[in-house]
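Down below are the structures I want you to see.
Each of the next two complexes has subunit A plus one other chain: subunit B in the first, subunit C in the second.
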Partner chain A sequence: MIKFQEGSETIAETIRLCRPKVIAAYPITPQTHIVESLARSNTKDFEYILAESEMSAASIVLGASATGVRTYTATSSQGLLLMTEVLFDIAGLRLPVVMTCANRAVSAPINIWNDEQDIMTIRDAGWIILFAESNQQAADLHIQAYKIAEKISLPVAVCVDGFALTHTFEAVELRDQKMIDKFLPKYQPKKESFLDPENPVTLGGLCTPATYMPIRKNMHQDLLTSKKIIKETFLKFNNLFSVKKIFGDCKISDGLIEYSGPNNPELVFIASGSVLGTIKSTYDYNLRQKNKIGVLNIKSLRPFPDKEIINFISKIKPKNIAVIDRSISLGQTGILFSEIKTACYGKAGVKIKNFIMGLGGKNITPKDIQNIVINFKSKSEFQFVL
Partner chain B sequence: MQYKNTHLLSPGHRGCAGCGQLLAARHVVDALGKNTIVACATGCLEVTTTPYPESAWRVPWIHSLFENAPAVATGILSALKAKGVANFSSRQLERRLKSATPPVNTNVAVFAGDGSTFDIGFGALSGLWTRRDNILYVCFDNEAYMNTGNQYSGATPYGSATETSSANDSLGNDFFKKNMPKIAAAHNVSYIATSTIGYPEDIVAKVKKSLTFCGPRYIQILVGCVPGWGYNPELTIELGRLAHQSGHYPVLEIENGKLSKVMKVPAKRPQVEEYLKPQKRFSHLFKTDCGKEKIKQMQCLADQNVERYGLV
Partner chain C sequence: MIEIRIHGRGGQGTVTAAELIAEAAFFDKKFSQAFPFFGVERRGAPIEAYTRISDQPILLHSEIYEPDFLIIQDPTLLKIKNTFRGIKKNTSILINTEKDISSLPLLPKNIQIKTVPATQIALKILGKPIINTVMLGAFAGAFKLISLESLKKSILERFSQEIALKNIKAMEEAYNS
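Presenting the complex of A and B:
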């Protein structure tokens, strides 16, 4: 069924279709429309718990997930940062919580508009972090997120740009309940992996230096393994729901990265989230071919698709790369930029430059994008596009 | 004959000899029974009972963080409710939706120290009480951050020396202990009780009684900490009794908002001084005139308790 509706409503409807048993949240702009819609739902399907802070909202889904049911929460910005301690704990306890992060700038100065600083700041928490480019992707990613999370016992954050996606009306195909049930059967955790008086277990015990590090290593390895699961889930989903490629020049699309553009491009934009739409509309299919411009979408921040990026570079052979960052590691560079430089170290003979754009909701215009293409050669390696 | 230990908190944990908290926790969890899930806050109870991969617990037990155990417990309860829904007939479901506290057979309990209860987890606890979740919250009150080596908490009594509250004057803590039972009462907590490790039967009775109440329940138990308070391990029970008998730590029950029962103090009530004397945390008070003045003030506080709560 195709519906024309707000992104938040699309996400809320999709979550209902995924049949979580416990939802807890605390309101924060621009996440509010999602949780308002869920709170208005028929409460027979799930328990909607009113939390008195994001710290508690995350802790409630932690407790519920540890008791063996499917859970959901959503937040933004300061809320995500208040959750930080719990986010690390959810990952460490290996709980398959799914969370929407409606991306927003971080204080100070206080600002409610969109950038990606919030999620980038908690990238080391042990969560799988996926980005949606459109509302359709946001819907589909949430369904896949549960599948991935429950398969590898790690939490998944689905990032949707605040306002740019959450408050924007787009036509979306809402997936069929029966098909979702087939794709995502009832969550049944393994015996003795959750809190159950029939099989008492201790979760979250103290680890000494002798036992801590192997567990952290194991988590890291499983996050790397999750690359394969993300790819498989993406393919399986696309097959089952007959998802077709939107862009005729889409050459790579594997769940982790997506490339649209020609071979041997003069310049490739690398970005994540809704800014990709701006780039793709500035340089549409014809202009991409004509100007030899490509667009690489980083769909997964964690696990980071380093090998996939290297493969892309050796296969597509771009001459120049412009990394668009809507966040910054203050005192260093854009965060995506430093990740990509690390991945490329010693492997790719390509010029990479970093453009910090759209912080605190600063509009990114087609002119800004064109300016990068036209003046790329004269630009320094790192700059703010103000 | 081989002794078979059936306690739900089994021996072999790393608690100190004479630890009041471990003893109290054992009585509490035994009173709750097997069909219980415990959410435990960070602290000695967690550290001493769960050195991975060992565990002293025979009930399902989870530790998450210092300040979030009440919210974790809400999550556990919600998951149990959600699971229960699937097995209910539609008539039962209808009844369930109408009743404020749906039937869940499994007990959900929070075990926490005074630091997480009075200070860092206070917001989460207030949230739990406001939601009226059917959860028993047990605070093991040893009156300071003992797991980190005796630093001041909101539960530290007036005059007590901690590593962070006695640096400037040698007179110890200048603040009064936060009155948590009163704060709980202001939240309309269904059942509120205090006790001390001096009275294990009282602890067991109160835990069992709490299970007959719906909604949030709060039990606060004074438990001695041998290294933190600085006393001989054999005095744990004795100090628990003196704390009550002197009027220093009133033992009471508040049911549905009303003070319903108090444990009376003896007709010949021991002086607070008798309770303070064996403890190193109060020893500085006996050394100076100012300190002795402070002991007098503490005696006044105990006398006030006796009058206010009708302890005689």
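Presenting the complex of A and C:
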């Protein structure tokens, strides 16, 4: 069914279709209409628990997930930062929690607008982190997120640009309940991995130096393994729901990265989230061919698609790369930029430059994008686009 | 792609107006998008909201700088220079005012400007100065960008039957004015 509605409402309706049993959230700023809509659901299908802070909301879904049920929470910005300690626990306990992060700037100074600083700051927590480019992708990614999380026993954060997507009205196809039920059957926790009075176990007990490190290594390997699961889930979803490519020049699309543009491009933009739409609108199919411009979407921050990026570079052969970061590791560079440079170390003879844009909701215009293309050669390796 | 920027004051339903236009365009089988300027919500503060309509999927997530249409819900906003930023030769403007265009200060020259006494119509039919749906009726009537039928449908979806029908009556009067 195609509906015209706000991004937040689209996500809330999709979450209801995924049939979680427990939802917990803290409803004050920074928050979106997602949990408002879920709280208003007149249903006995799930319990909505009003928390007194984001840290409590995260703790509630941790506890609920540990009893072996499907859970959901959503937050942003300061709320995500307040959850940080519990986010590490959720991942370490291998609980398949799904969370929406409506990406927003962090304080100080106070700013309620969109950038990606919040999620980038918790990238080492052990969560799978996926980015939506549009409201349709946001809806579809949440359905896939449960599938991925429950298969590999790791939590998934679905990142949706605050305001730019969450508060924007556009038409989306709401997926059919029966098809979702087929794709995402009732959650069956793995034996002895959840709290069950009939079968008592301890989760998250003390680990000595002898056992802690192998467990962390195991988590890391499972995050790497999740690449395969993300790819398979993406393909399975697209087949079942007949998702069509909307870009005629889309050459790579595997769930981790997506490339639209010509072979041997003069310049490739690398970014994540809704700014990709602005780039693809500024350089549409014809202009991409004419000006030899490509766009690479990093859909998964964790696991990081390093090998996929190297394969993309050797297959498509870009001359120059502009990495757009809407976050910064203060005192270093943009975070995506340093990840990409690490992935490319010693392997790719390509010029890579970093553009910090859109911090605290600073609007990114088609002119900003054109300016990067026109003046790329004279730009330094790192700059703020103010 | 057609870009519409709506200016109003907090409490005048500016954001709702942008959403209703976009939804009407959706019912007209076009691609559309609506979003507010993400300001801090306060009654009486200047508010902006944006609508894009296209025959192609809309990917752009930037604010609207050079609108094809400008809808000004509150005549006191005419004094603010920012209201007219980015207007082009072919920008069309719709203003809520009872006054004659020639008596309005600071209007850009050589541009298509239409006026509608939306506050008067709203007071007469709704009994309250709620002008957003009246402005939408005038907008649909003046520029024929969205159909009256689709506008009605989006209003019926949004509001309770009683409120929707009153608003539709006010909207139709503005459409035909």
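As a convention for this text, the second predicted complex is superposed on the first by the 382 of 386 C-alpha atoms of A that agree within 3 Å, B and C clash if a C-alpha of one lies under 4 Å from a C-alpha of the other, contacts with A are read in each partner's own complex, and residues count from 1 in each chain.
Just so we're on the same page, a residue touches a chain if its C-beta (ideal position, glycine included) is under 8 Å from a C-beta of that chain, and two chains touch if they have at least 3 such contacts.
Note that the structure is a prediction, hence the values are computed from the model and not measured.
When the shared chain is aligned, subunit C comes close enough to touch A:W113, but subunit B does not.
Once the two complexes are laid over each other on the shared chain, residue contacts for A:K236 go to neither subunit B nor subunit C.
In the superposition on chain A, A:K151 makes contact with neither subunit B nor subunit C. Considering which of subunit B and subunit C touches more of subunit A, the answer is B. By the touch criterion stated above, A:A171 is placed in contact with subunit C alone, subunit B being left untouched. By the document's definition of touching, neither partner reaches A:K341: not subunit B, not subunit C. When the shared chain is aligned, subunit B comes close enough to touch A:K21, but subunit C does not.
Contacts of subunit A with subunit B, set against its contacts with subunit C after fitting on chain A, share not one residue. Residues 34-37, 39, 46-47, 50-55, 57-65, 67-68, 70-83, 85, 93, 97, 106, 123-124, 126-127, 130-131 of subunit B touch subunit A in their complex.
On subunit A, the positions that touch subunit B within their shared complex are 21-22, 24, 43-44, 46-47, 49-53, 55-57, 59-69, 71, 85-86, 89, 93, 195-197, 199-208, 211. Of all residues in subunit A, only 4, 112-114, 134, 161, 163-165, 167-171, 246, 274-278, 280-282, 361, 363-366 touch subunit C in the complex they form. In the complex of the two chains, the subunit C residues touching subunit A come out as 19, 22-23, 26-27, 31-36, 38, 40, 57-63, 65.
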